[in-house]
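Below, chain A partners chain B and then partners chain C, in two separate complexes.
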Partner chain A sequence: VTDVLQQSLRVRADQGASTTRMRTRSMRRKRSVTALLFMVPFLAVNAIVILGPSVATVYYSFTKWSGLGTPSWVGLRNYRDMLTSSEFWAAATHNLVWTVIFLGFSLTLGVTGAVLLAQVRRGRLALRLLYFLPYTIASVVTASIWQNIYDPDRGVGRFLSHIGIGNVAVLGDERYALPAVSFINVWAFWGFIVVVCMAALQSVDPSLYEAARIDGASRWQQFRHVTLPGIRPTLAFLIVITIMFSLLVFDYVWITTQGGPAGATEVVGTLLYKEAFERFDAGYAAALGVSSTAVCGLVGLLYVALRRRGWEV
Partner chain B sequence: MTDAWTRRKFLERAAGTGFAASSLSLLAACGSSSSSNGGATAGGTVTQWSDVTEAKSRAYFNTAIVSGFERQNRGIKLQVSFRRAEDLERQTRLALQARKAPDIISTNGPAFIPELADAGLLADLSPYAARGHWADDLLPWAADLGRVNGKLVAIPTQLEALGVYYNQSLFDKYGWKPPKDRAELEALAAEAQQRGILPFAGGSADLRQQIEWYTSVFFSHYAGPTVMYDVLTGKQPWTVGPMVEAVALMKDYFDKGYFGGGLKKFFATGGDAYHAQLAGGKAAMSMEGTWFFERIDTFFSPAHAEWNFTAFPSLRKDVPYPIYALGTGSTLSVNEASKSKDAAAKYIEFLIGDRKRAAKWLADQGSAFSYPLRFQAGDFPTTMDHRLRDVYASLAEATSNGNLGYTNWTFSPPRAAVYIYEKVEKVLTGDMSPEDYLKGVGETFQHDLDAGYKPRVPNPAASA
Partner chain C sequence: MTIGRQRSGSGPERAHPLAFPALLVLACFAFVPLLVLVSNALKTKSELGTNPLGPPIHPVLANIPHAWSSGGFATTMTNSTILAVSSAIGVSVIATTAAYALTRLRLPGGKGMMMYVFICTAIPAQLFVVPLFFLWTRLRLSDSLIGLVLIYWAVFSPFATLLMRSFLLTLPRELEDAARVDGATELQVLTRIVVPLARPGVLVVALITALFAWNEFYFATTFIQDEGLKPIATSFLAFRSKYSTDWGLISAAGLIMILPPALLFLALQKRFIAGLTAGGLKG
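Right, the complex of A and B next:
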């Protein structure tokens, strides 16, 4: 009797567990469907404004097309032309220089600013807002402000001529134009890094600093061995997006120098625009766009791959 | 009252009124004639995107042109929306591709027309032009610019010419005369520099491609109309001697600081800044196009100075004076997909079909409404600024004698046009030799020809 009872109880328990499992599974499915239904409008919008044009751009990159009429298939010719074009390599090099300046200055200023700001007790919020302000200004306004600052007769040039250093035209000089324009981007962006790093700093355990101080660590050693490792994932993310922004830069260059003087500030973004809308070679421009996106994608993939391999980034 | 009614003035006004009345009846006759010849009664709505920039010119466009056209063509509504000049070409191309373009299609010049025509996007205007005798109104060199494969598909508008604006007050102060040849130009530039005055105000910070004004002028005024014509029609290579010398001279003048006070400053200075230098007497002259008439008083009035305009000097012995590098800032066509083609063609006819009316627009608003018509001195209202009248009269006379130059944006095909203004910066910075530069222009030009972009170039000999 006991055996029968026990078997019956087991069967009931199994049935109960199975029913619960089924209920849970069904609820999960329902939730997934509901979530998907909520996502449908966004997916539809993305399909229309991102996926569709992206697929079309990839297709156009294999065609000869002026932007009007019917494109004709040319296979890999646009990519071959791109890789053998000195103009493209010059522009890509400028992107790299831009990345070094933008990444180096933004990150150094941003992290330093955040660490120093973390020590401030009074007026921290006001200072944080002040640093963040340039990031909220439209790029066209920021670029115009800096154009005036760099102006040879009204801005820096005038000041320098007053102290005896005449004829300084920053944006008109091949040597200085690219660093000068990329610095505008630094000025607009570093406040963002300050704010993000400050948020990251708050997650670092204060007892680690205390332990480091007891062990006799200097300020620099605390920064190097406690702060930096503590905000490493945030820094890695900031590095990735800064590199991506550098590879896709367009607005500051276009507004201030349009790639000049003599091509000194030409980047892939401005070259792409000129190919599409000045030389009417939309197929080649599409190849440039696809290549830039691919490089950005690789940077993103590298970041994901490193995280998956257990790197603390 | 100083404005007394003299007999002469009375006769002028009476003649003007008589002409207005007769032109109205003539227009009415033209209107009825074209609508009956159109095969269908023109009607509906005509849409246009315009790049007229100044607020006062936009207001004038609405009152004088839109209302004027609608008054004269009952049943047709004209809807004009204004766009930024630098965006118009791009927006139009995108809209054409999306089949959402307006009825009237504007482009940046005749070089852009063949591509649109080949794609079947522009309506054939030949029947309308024949019925309305458009060729009788347009300047001979302009009449054929919009013809592709025998069909008229575009009408050039915004007649432009490059010349020299100078500060008349400054010239009077120092007893200077506008230079007519290279020797006079160089002497004047040297004297101005000695006095701490820039020979020419200038800069390309706002729009990098402004450097093409300079290539256009040096090609036209050094190489000359005949050489330029041969080069643009492929009879001579771009690397022909006078073209190379023209580029070398341009570099030499930049090196001497004639333009904008030196190359670096030129690259870093914007329009407002250098126009202020000209009006303020810090610069003697400025090399620019007739479009600046529209805005010049905004700089000279506050400076209480007078300005004037003349042709750029001839830079070589064999090149006549005066020459004007001609251009058209835009073209107008009718969208092949338009449902109001007859009405759209009527609108184009309204714009170019009456010299006196067009001359009045020109007198009232300057370059914003300058159509390449066969203007005669008597067409312009007596109230017109004499400097503007003199310029357009001089322009008509010079170009009728074959003394015409060629602007890059009107007569060079698209890739070559971009190469010309982009790579010349490398010549000026010393990174490229004039020979290599022109070799590159020639190769790009050939690339354009192979792609079907054949520029329509007026023959100076035929104009003479």
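Right, the complex of A and C next:
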């Protein structure tokens, strides 16, 4: 009798265990569904605006397409056209020049500003705010202010002719237009670097400076051997995003010169815009989009790979 | 952000004697162009001819109402406000719910989802703008504020989600668990417990989104051609080419455009700076 009873108890216990197991499984499924439901708003707009069109861009880059009719498959022709087009290479070169100017000036000004600000106490917050202010101003207004400053009659041109250098229309001159436009971007961005670097400087161990001073290190040596290594991860991140911004630049060029004079400021971003919406060669524009994204992706991957290797960048 | 209160800690103990002068030079670099904008907005056309870069000798305010009416600012300001406010509200909702799922719920493939959100913050507009334009044309969403707001929701929400996520990770969970034990649904936990606690984070997200939407140029110029629907950014450009000879008027228009966000920024600068530097978004 006890055997039977024990057995039936065991069976009942098993059944109980399996129903709770089933219940926990269905509860877990229910919880996953709830979690997904909370992601729905994000995923829905993302799928329509970003994911879907991004995948479509990759497809269209292999087609001839005006944007309206049916696309016809052309294989790699758009990419071949791109790589043999002098217009594309000129634009890509301008992106590189832009990167050098934008990165060089923004980083130098930004790091200098941050390191010096960390040394003073009076007015630190006010100065930080002032440096950051240009970053918050709309690109159309920023560009307009600088067009005013660059103007040969109303801006520095007038000043230059006063001191006898001669009147230069900076934005109208093929030699100066590209550096001048990219410098507008420097003005708008360097304050951002100041703020980010200042936050990074806070995490540098003060005792390292003391130790360096005891060893008789000069200011420059302290900067070189304590400050720079201390903020290296932040610097690497800033360099990466600055390069990416340079490869994708559009606003300042479009607003000030639209790529002119004579293509002197044409960058891949403006070229893409013209191909897609003015020349209606959307397939080719898609190839340009895929290519510039790929280059940005490579820069990003290089950064991630270096970090993984423990470069502490 | 305790930068101001903290002892310097970083850098050599005593400031370099040239540190302060150098900082002032940098301040001039940042500020003089803004000063040029403000002072030119206060000059008549004839004064601009003789005194283009200096401070105004006979300041006048007439440019501002003139620019306001001839630039149609009543319309474009309304459009930009609609765009900024609805972007801010939408992105706050999207980012908060997504961040809640990523930090508090058992999201299947959570790691992959996190990775995807992260990648989305780095996807350039160039990758999707072309098909998006033709899709929007077909759906009659181009030349529509709703169409543009939808784009802003999608474009700003990955960054906002990461920001909200890092914010939610700092919040204690005890209250939420207690509410769950009491039988609250996840939606109730989110709206009644998490959102009130996370209000500062939501405010940062909303502020930054509103600023970006107000300043945004690329999608606005691509998707809105109708004069009556243009936001300030693109109508300012049209205004500038129309009155290309009158820099006083153009400067006044620029001033009108940057004034609302600038005042908001100055009033809430610490929140703004903390949020904007949490990840670089624009170049």
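Just so we're on the same page, the second predicted complex is superposed on the first by the 275 of 313 C-alpha atoms of A that agree within 3 Å, B and C clash if a C-alpha of one lies under 4 Å from a C-alpha of the other, contacts with A are read in each partner's own complex, and residues count from 1 in each chain.
The criterion applied here is as follows: a residue touches a chain if its C-beta (ideal position, glycine included) is under 8 Å from a C-beta of that chain, and two chains touch if they have at least 3 such contacts.
Here the structure is a predicted model, which is why all the values come from computation and not from measurement.
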Superpose on chain A as described above, then tell me if chain B and chain C fit or clash.
clash
Quick one: is A:249 in contact with chain B, with chain C, with both, or with neither? Answer first, second, both or neither.
second
Looking at chain A, does chain B or chain C touch a larger number of its residues?
C
Scan A:154 for contacts with chain B and chain C and give back first, second, both or neither.
both
Touching partner for A:53 - first (chain B), second (chain C), both, neither:
second
Partner chain(s) touched by A:170 [first = chain B, second = chain C, both, neither]:
first
With the two complexes superposed on chain A, say which partner A:277 touches: chain B (first), chain C (second), both, or neither.
both
Could you tell me if A:67 is touching chain B, chain C, both of them or neither one (first, second, both, neither)?
both
Could you look at A:289 and tell me whether it touches chain B, chain C, both or neither (first, second, both, neither)?
second
Which of chain B and chain C A:124 touches, first, second, both or neither:
second
Quick one: which of 99-107, 135-143, 189-197 or 261-269 on chain C sits on top of chain B after the fit?
135-143
With the touch criterion stated at the top, can you tell me which chain A residues are shared between the chain B interface and the chain C interface?
67-68, 151, 153-154, 277
Residues of chain A defined as touching chain C within the complex:
28, 31-32, 34-36, 38-39, 41-42, 45-46, 48-50, 52-54, 56-57, 60, 67-68, 102, 109, 112-113, 115-121, 123-125, 127-141, 144-146, 148-149, 151, 153-155, 158-159, 185, 187, 189, 191-192, 195-196, 198-199, 201-202, 204, 206, 209, 213, 219, 222, 227, 230, 238, 241-242, 244-246, 248-251, 254-255, 268-269, 272-273, 276-277, 282, 285-286, 288-290, 292-293, 296, 300
Mind listing the chain B positions that touch chain A in their complex?
89-90, 93-94, 96-97, 115-116, 118-121, 204-205, 207-208, 261-270, 273, 414-415, 418, 422, 425-426, 428-429, 431
What residues on chain C touch chain A, complex-wise?
3-4, 6, 8-16, 19-20, 22-23, 26-27, 29-31, 33-34, 36-37, 40, 48, 52-53, 93-95, 97-98, 100-102, 105-108, 110, 113, 117, 120, 122-135, 150-151, 153-155, 157-158, 161, 186, 190, 211, 214-215, 217-218, 221-222, 232-234, 236-237, 240, 247, 250-251, 254, 257-258, 261-262, 265-266, 269, 272-273, 276-277, 280, 282-283
Given the complex with chain B, which residues does chain A contribute to the contact?
66-69, 147, 150-154, 157, 167, 169-174, 257-263, 274, 277-281
